[in-house]
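Which chain is which? They are A, B and C, in the order written, and residues in each are numbered from 1.
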Amino acid sequence: MATVTLREIVARFGGELLGNGETTVDRIASIENAAPGSITFLSNPKYKRALAQTAASAVILHPNSAADALIPAIVTAQPYLYFAHVAQWLHPAPSPAPGIHLSATVESSLHQSVSVGPGTRIGLNAKIGDSVVIGAGCSIDSDVEIGAGSILHSGVMIYANTRIGSKAIIHSGAVIGADGFGFARESDGGWIKIPQRGRVLIGDDVEIGANTCIDRGAIEDTVICNGVKLDNLIQIAHNVHIGEHTAIAACVGIAGSTTIGKRCTVAGASSIIGHLQIADDVNILVASLISRSIPKAGTYSGSVPFLEHEEWLRNFSHLRHLDRMADKIRDLEKRLAELESAK
Amino acid sequence: MATVTLREIVARFGGELLGNGETTVDRIASIENAAPGSITFLSNPKYKRALAQTAASAVILHPNSAADALIPAIVTAQPYLYFAHVAQWLHPAPSPAPGIHLSATVESSLHQSVSVGPGTRIGLNAKIGDSVVIGAGCSIDSDVEIGAGSILHSGVMIYANTRIGSKAIIHSGAVIGADGFGFARESDGGWIKIPQRGRVLIGDDVEIGANTCIDRGAIEDTVICNGVKLDNLIQIAHNVHIGEHTAIAACVGIAGSTTIGKRCTVAGASSIIGHLQIADDVNILVASLISRSIPKAGTYSGSVPFLEHEEWLRNFSHLRHLDRMADKIRDLEKRLAELESAK
Amino acid sequence: MATVTLREIVARFGGELLGNGETTVDRIASIENAAPGSITFLSNPKYKRALAQTAASAVILHPNSAADALIPAIVTAQPYLYFAHVAQWLHPAPSPAPGIHLSATVESSLHQSVSVGPGTRIGLNAKIGDSVVIGAGCSIDSDVEIGAGSILHSGVMIYANTRIGSKAIIHSGAVIGADGFGFARESDGGWIKIPQRGRVLIGDDVEIGANTCIDRGAIEDTVICNGVKLDNLIQIAHNVHIGEHTAIAACVGIAGSTTIGKRCTVAGASSIIGHLQIADDVNILVASLISRSIPKAGTYSGSVPFLEHEEWLRNFSHLRHLDRMADKIRDLEKRLAELESAK
């Protein structure tokens, strides 16, 4: 852990210093549970009260809250973003010693700055960039490229011909490049597999969560652009294209050949069917099913409220009969109009 | 497999013996497919007919059904619970021989009762309790604690600083302690990672299903209390807190910083959004989206019925127009009231 | 890659040849992005325009489109199915050299045609068929059977006593045979584990996607019949039975003891609750919750439309009050009938 002064932080990241610039901090903390030596942030004014009581040594906050700071502070228009930068500086990702563990099986030549953990297998013709870290028990099939500075945690599985950019972070259990789900149907109902010949191409600065799956393309490639962030247990089917800086929360599934624009957000447990076009800057809220293309930016929802079970029984049963309800309303309108005209 | 008499079972677990106490059994069976030598149970009276025909050597049943037993029986108020105890006795989990497989990479010192499978890696400063079993191809990062008697099946991935209690069972592919999904957004839409510095703390007697993910906390810890049971393919986000004896079925996602009480049940395919408080003894039914805190015990639902596709087309299209439907009803009410008063 | 003439293709798979039968092709391509030397297909007439411009050397198409072919063509009633066969011929799955990698731990005797990758563990009493390929970092517990020609990609976890047929393909991270989620509840809310003693039985020609889980049965077995295709991140609970040639897309969960018929399709993100019977030839559309048995073939839906968030707020709030809406309609009908009869 680094120990830095507020003055050093401001020199590096900007912002306005309030109070003693020689104050030192060596770790981040939440505002409620901070201990001396830590730096925290206030981005939501509802925590202002906590600010008065925090034991943190310093706080990052918005100009609107600056007057409430009783401790040394850094004032910035975007406290949470600023906090992220400080946090990365104070808590750099641990970097294991370079070198290939004796128990690894590596069939390609690697730069001496690369770290390969126990039991990991790297196949033929791998192109692994400088300072890449590959944990224990990973499998990298042949002809895979991984850009400089990327980190693969333990137990990541990469199929042949996958290309991953630089500074990617891939968490345990992620499977990149497995076959897409493509079959042609025979007349007896059986299925003939379509060989999946495309690749997975992943840009720079992409993070991929634990047990997330990204399938290789059927003929052309599946593409994940720079800066995309994927949470855990996500399914990305063959030939999906995800634009730059789009972030997708856990338990989302995206079916084949769908294109998602740049800077989109998809909240958890949503599903997007195949062959759609989603525009840039679209926000999809939690547990929504996206069943048609979305040609313009905006926020979209499709989730269903929950109720106490008794209430749910009473209300949701009508979902099976909405059409009858609409018919009745139409009938009432007609009969009422007749009465009105007869008056 | 043990062979025991009914008398021995009753001596150990209580209950009332009906018939020959020297009857021996050596395995459990379902009431329909039992063979001689097996013990079965009857907890649902609708299987009474099967009882008359079962080939089991003995049955565990409720006092209300005792009169129907044509074979030796144990009578107890909770037949299924009793059956669980008997089943555990007859079918103890197999315990592989202690010792570290030659192909494992272990950087900590382990008690001689610990079993470590082929290809498993255990990092520095691990504290592994007596008789822990760790399967093949697991990865345990540094500074991990695992309590006595816990079982990790093959291919479990544990990140650094995780703490697991005693007698836990963790199934293959589970990933414990991967980074939470935390980013601050830059003005151009890009994302800056918030280092995830918290841990995962898991209590005693917890079971975690295959390919389930539990993320480490952002600053504070993610906490899974004693006796929690998690099925497969579950996502537990950073800083979630799950109370004692809560059971969660497969394909559930729980978003960040949500607290779930004790003795809750969450049925499969449900989602719970972040920063909620769920009370003790809450039951959430299948495929529900929990979008608000639940302050009191009870049963809650939010799932949608299915229909034949033609019917679905007719009915569900109205979901897009419920507001117009409500407007029409309001308009009808007003016009009807006018007619009534004009009468 | 093979290079073949159209004449050879037609000799093998039938169909009618249009144009130069000596045309050679060595790979498949999409109609838009084909290069010379490739063979493509036209199954959807909306791509007819692309056919006029394709650079492919040959195309597979339906008699109805034959007149539009400006390049050598094979005419067949089912172009996509035909394409699948040709694709498999041109792109056979790569077969790694037979033999057991030095770093593997194999406790059973294997036929010399079997290939076992680095770091893989195979336990006692395995029966592995000829030409089976097992990738890196797999774990096969004791008493497992795998039929001839099956392929396990890296990182597949198979629990004890599992039986897998011939020509299966299992993708990375799949977990077969983990314990089903079975517990009896104690009066204090705690859970007693029911030992899961059943097996998983998987037929021939089954494909199982990445990170998919199939749990072992509680007492009897979980059964996946011949020709079943499972996509990624699917949960199959204990004692589920899936009939021949049924195909299930990603992110589906099927709860315990449900039986699904033959030739069914289940679209992505759907859930099926436990103890149901689903008939043969049932198609379940995307993101549906199947909460009752389906006794007859047909197409079923239960998914909810999405809306712009503002519209969603206006419309979906009524879901909580559908019963009141129905009451109001009933009241209106009654009052209107009174007015009508008083006229």
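Methods note: a contact is a pair of C-beta atoms (placed from the backbone, for glycine too) under 8 Å apart; a residue touches a chain by one contact, two chains touch by 3 or more.
None of the values given here were measured: they were computed from a predicted structure.
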For this session: Please give the intersection of the contact partners of subunit A with those of subunit C.
Result: B
Problem set entry | subunit C against subunit B, contact positions shared by both copies (same if over half, else different) | different
Problem set entry | Approximate Å spacing (C-alpha centroids) for the pair subunit B, subunit C | 25
Problem set entry | Sites on subunit B at which at least two other chains make contact | 103, 119, 137, 155, 173, 211, 233, 251, 303-305, 307, 316, 319, 325, 329, 332, 336, 339
For this session: Note which residues of subunit B are touching subunit A in the complex, please.
Result: 103, 105, 119, 121, 137-139, 141, 155, 157, 159-160, 173, 175, 178-179, 181, 183-195, 197, 211, 213, 215, 219-220, 233, 235, 237, 251, 253, 255, 271, 273, 284-285, 288-291, 298-305, 307, 311, 314-316, 318-319, 325, 328-329, 332, 335-336, 339, 342
Seminar exercise, completed: Note: in the complex, subunit A contacts subunit B through residues 27-30, 33, 78, 80-81, 83-85, 87-88, 90-94, 101, 103, 117-119, 135-137, 153-155, 169, 171-173, 205, 207, 209-211, 227, 229, 231-233, 244-245, 247, 249-251, 262-263, 268-269, 281, 286-287, 303-309, 312-313, 316-317, 319-323, 325-326, 329, 332-333, 336, 339-340, 343
